[in-house]
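Two complexes come next, and they have one chain in common, subunit A, joined by subunit B in the first and subunit C in the second.
Entry: the complex of A and B
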């Protein structure tokens, strides 16, 4: 039998039992669609987080006060202060490194912001003008913190869009005065709406000059220092320089943790990839169930089509040809199911994109290949036993009805 | 048709095609096994997390400065213009139902002993800390009961710190340097292990006032309040708020009962378990499609038999019930097999990976079996209706 004949033969069978074919397509389709849909959700979440991290800035090196000896502890767990503060002078010293382009020291805390009789507790961030270069933040109105000596206490602030709306209502906020704790600040800029990014909402914060925040919270200690390396290759040099500079400034004591954006990103990336793979594996169990169904249906078909098989064999068809006929049928059914599944999976992806436009849902290429491939391979594997049974039928007995 | 006959008939039609029955039930079994296994892991994880938290006791309320919460932590704990003080903590002892109120400040410092040094998490705490969080002292004693505002320079070491700095020697009575200041070691804690990636043995405890001074800060990070376990939480919470508002003039703090945190964790973990179980449940749906397919084929094969039954006086309802019963039985058998399979894998996991918490509650097993039967019934509806609506004359003639 030629391949064309095989295909035609299988096609006739597939068309002949229409309900059965539809149901098998349904079963295979559900399996493939599940894998495609689930992986596109997982991949979407991964890309979303990676993008969010990218939007924090590029080639970032982050300096945290304190260090833990226990390996594997999340750096974020390190809260609290150290006996020897990480100071503004430490941060400024980092600028001497050749690998460093910008630095932005950060002091963060919660404070009451007053405008007239309105009070609101908001996160207050103390930093320098360079923060806007490091983090891709946009000022909607006015300007960001002025370039000045970071040790100087300037009574100016930049506020988030939501803070502006809640404290000033419809009135223009630019140029107005507000009170934070016991100090007065003039609003010189309003941030553009950016929304939540990794639990840090720029719409809801007030940014003041670093020295002002230090005075406000009565502390010398910096919360973090953001360092931007000159290029991606330079991040490792920047990290080494930061560690060395601060060790020297702290009398040989290694009391800071330095992490690179790339390292954190790589960790997240690995975790989310593994999760997507695990979930895809769970969804793929349904493909095995669909395979069992194909085996079952094929076994029934072998019994039902005894006479036909007997006739074929009597006409000279070999066992191998009978096997090939059944396997072709299985491939046709499963690839049909896979096509249906891919289409439905893409529909689900499309629906998800409509619901959450912010998250870039898309099935990873490996899932688009692996899902149909698994479907076809399972189908063929599960058809091997029925096909062999058909091939072994004795033509005489098969033709002599029971 | 009598009920025993009904059962016998269904059984006969299933056992006539043994391989077919086994394969169809296997489809359902794989689905049920997947769901049971995934929910077992989810439930095990849930219990694990709850156990991790409740080992500190459940009747704890945390009070943190500021009202802004990010990532479950209070931003005010970093820096705030409205500090929580040791006096606040002492005042909270007078709140109704409160047994213990203990101030806490946390930081990172290095500890030195005869040339060896180690960076540890430093806790500045009051004398009741160990009691409040149900932590035990292995040797020596915890910080003594004295005025927390002017406590003596005593330190208690976590088990890992003691091991790393002293090796096998007895640390009690020796002097160490914590963040450059001298302290006398008066106790070593029992090992607590890691809690959610946080090593509680790599710690040193010193009096809270000294820690505040060392870190040059005014505000505590948190106050732990332990209340009478029989007291209503809402009243305890209200009492705490009343006292602190009276002291501060406004509600500039966050009160978080341990129970609320557990509830949040529970909700999140349940949602994840449900989502993963639902993905596993897709296999169950495919198994249902399997039952549908096989029954559709069976109705076509047994047309003449159905015709005969109808001619003998079986009502349409009876035929419908027969096929539905067959579908339900197939699914039920598959469900039981799936339960056994799921349990076996869960058991193997427990033996092979003792670190992975696995727990299968009875209610899940019963629920899974019910779901299997429902899937079977739903799959059986279409073929059963087709069988029931066959015209007896036509059906008999089909052979």
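Entry: the complex of A and C
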């Protein structure tokens, strides 16, 4: 039997039993669509997070006080001492590294911000002028913190768009004064709306010079130091330099944690890939269920078409030909279902993109290959037994009316 | 051409063993027109199935064209069947979803014959059996006589050595039955070997050689003086 004839024969069967064909297409389609849709969502979330990290600046090295690896859960607690503070001098020392372009020490706290009678509790971030370069932030109005000695307490601040709207209403905020604790600051800039960027919502913060924040919160210790390497390739050198410089300054003690952007990104990437894979696996179960449905339908077909099978054998069909006919039918049905599923999956993806344009929903290439392949392979595997049963039918008995 | 020797066929029906064929020995020569008659359960259909290689005897030997086919495997039997046997059944056994021409083509498709060659053969068969204007009809759109003509055309599509007809008129009215018999007799006239199983004495009497079976054994084997009827049974072209 020629391949073209085999396909034609199976096609005639598929067309001949419309309801049955539609039901199988539906079951297979749902399975494939589920895998495609679910992996699209997972991959979308992953790409979203990767992009978010990208907006932080790709050459970023983050220095945290305390060493998490040596002490397990809480740095310092288990070894019985608190880590040495990370100070401004530590941060400034890092500038001597050839691999480092910018540094921005950070102090963070929450405080009540007053404008006349209005009060709002907001996060207050103390940093230096270089922060704007490292974090690729944008100033909508006015300017960012001035380049100045970071030890100098300047009474200026840059505020987020939402803070400006809430504290000043419709009035222009630029050049006005506001009060944080017992200190007064002049508003010299308003940040552009950037929305959430990994827990840092620049719309809702007030940024003051580092020394001012240290005075406000009465602390010398830095929350973090952000370091930007000169290039992506230099990130590792920058990291090594940072570790070495701080160790030397801390009397040989390795008591800070240095994270590169890439490492954090890689971790998130791994977690989200694993998650996507896991949900895709769950969705793939529906494909197995569809396979069982195909088996069921094929077993019924063998009974229903008993006479036809008997006839084919009388006309000289070999067992292999009968098996091939059933398996071809399964391949046709499952690839049809896979096509339907891919189409529906793309529709779901399209709908999701319309709803959440910020998230780049996109089915990963492996899912687009694996879902249809799993559908076809499952269908073929589950048709093996019915096809064998058909091939073994005794022609005389199959042809008889009973 | 066909030589059966000591063919036994037993079936298990419940606890009992039924001997459908008891030591049947039979020789059929090329070009013979043979009818097998007998009451129901006499084993005539089983004999036909054995001749057609659809059923295997439990004992005895079957020589087809000088070749012993008794011990062939299922797939080998299928191939021999495809090349040498043409079946015509009481209930036509046409595939309902296929058109008349697709049904006729089926054995050639199974044999893997090239489409061009198939089309040539198909056109000839459709013309020979007066089905040219019914080629694209489905079986349910055809009359019983037309269905049986499609079945005969299908049986002839591989130019078999033997045509085996099991109650070919059993599902047709008298007139249509006569027509179908005329078609079969024309095949015989053209040199084909035709074996007809029937319990209709009138149909059986048309054959030149008439077997009678009772309880799985051949009880009589008469040959009518050839030819029994000169005119070709009103076979219209």
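Points to keep in mind about this one:
We adopt the following convention: the second predicted complex is superposed on the first by the 385 of 402 C-alpha atoms of A that agree within 3 Å, B and C clash if a C-alpha of one lies under 4 Å from a C-alpha of the other, contacts with A are read in each partner's own complex, and residues count from 1 in each chain.
Here is the rule we go by: a residue touches a chain if its C-beta (ideal position, glycine included) is under 8 Å from a C-beta of that chain, and two chains touch if they have at least 3 such contacts.
Bear in mind that the values here come from a model prediction, so they are computed numbers and not experimental data.
In the superposed pair of complexes, A:312 makes contact with subunit C only, with no contact to subunit B.
Ranked by how many residues of subunit A each touches, subunit B and subunit C are led by B.
In the superposed pair of complexes, A:219 makes contact with subunit B only, with no contact to subunit C.
Contact with neither subunit B nor subunit C is seen for A:142 once the two complexes are overlaid on the shared chain. Judged by the touch definition given at the top, the superposed model places A:155 against neither subunit B nor subunit C. Once chain A of one complex is fitted onto chain A of the other, the partner contacts of A:360 are absent, as it touches neither subunit B nor subunit C. Looking at subunit A, you'll find no residue that touches subunit B in one structure and subunit C in the other. Across the interface of their complex, subunit A is touched by residues 19-20, 23-24, 26-27, 30-31, 34, 38, 65-68, 70-71, 73-82, 105-110, 118-122, 164, 179-180, 194, 197-199, 202, 214-218, 221, 252, 276, 279-280, 282-283, 285-287, 289-290, 292-294, 296-297, 301 of subunit B. Subunit A contributes residues 1-2, 4-5, 9, 12-13, 15-16, 307-308, 310-321, 395-396, 399, 401 to its touches with subunit C in the complex.
Per the touch definition, subunit A reaches subunit B in the complex via residues 19-20, 23-24, 26-27, 30-31, 34, 38, 65-70, 72-74, 76-85, 107-112, 121-123, 180-182, 199-200, 213, 216-221, 223, 253-255, 279, 282-283, 285-286, 288-290, 292-293, 295-297, 299-300, 304.
Interface residues of subunit C facing subunit A in the complex, by the touch rule stated above, are 49, 52, 54-55, 74-75, 78-79, 81-83, 85, 87, 89, 91, 93, 95-98, 102, 106-107, 109-112, 115, 154, 158.
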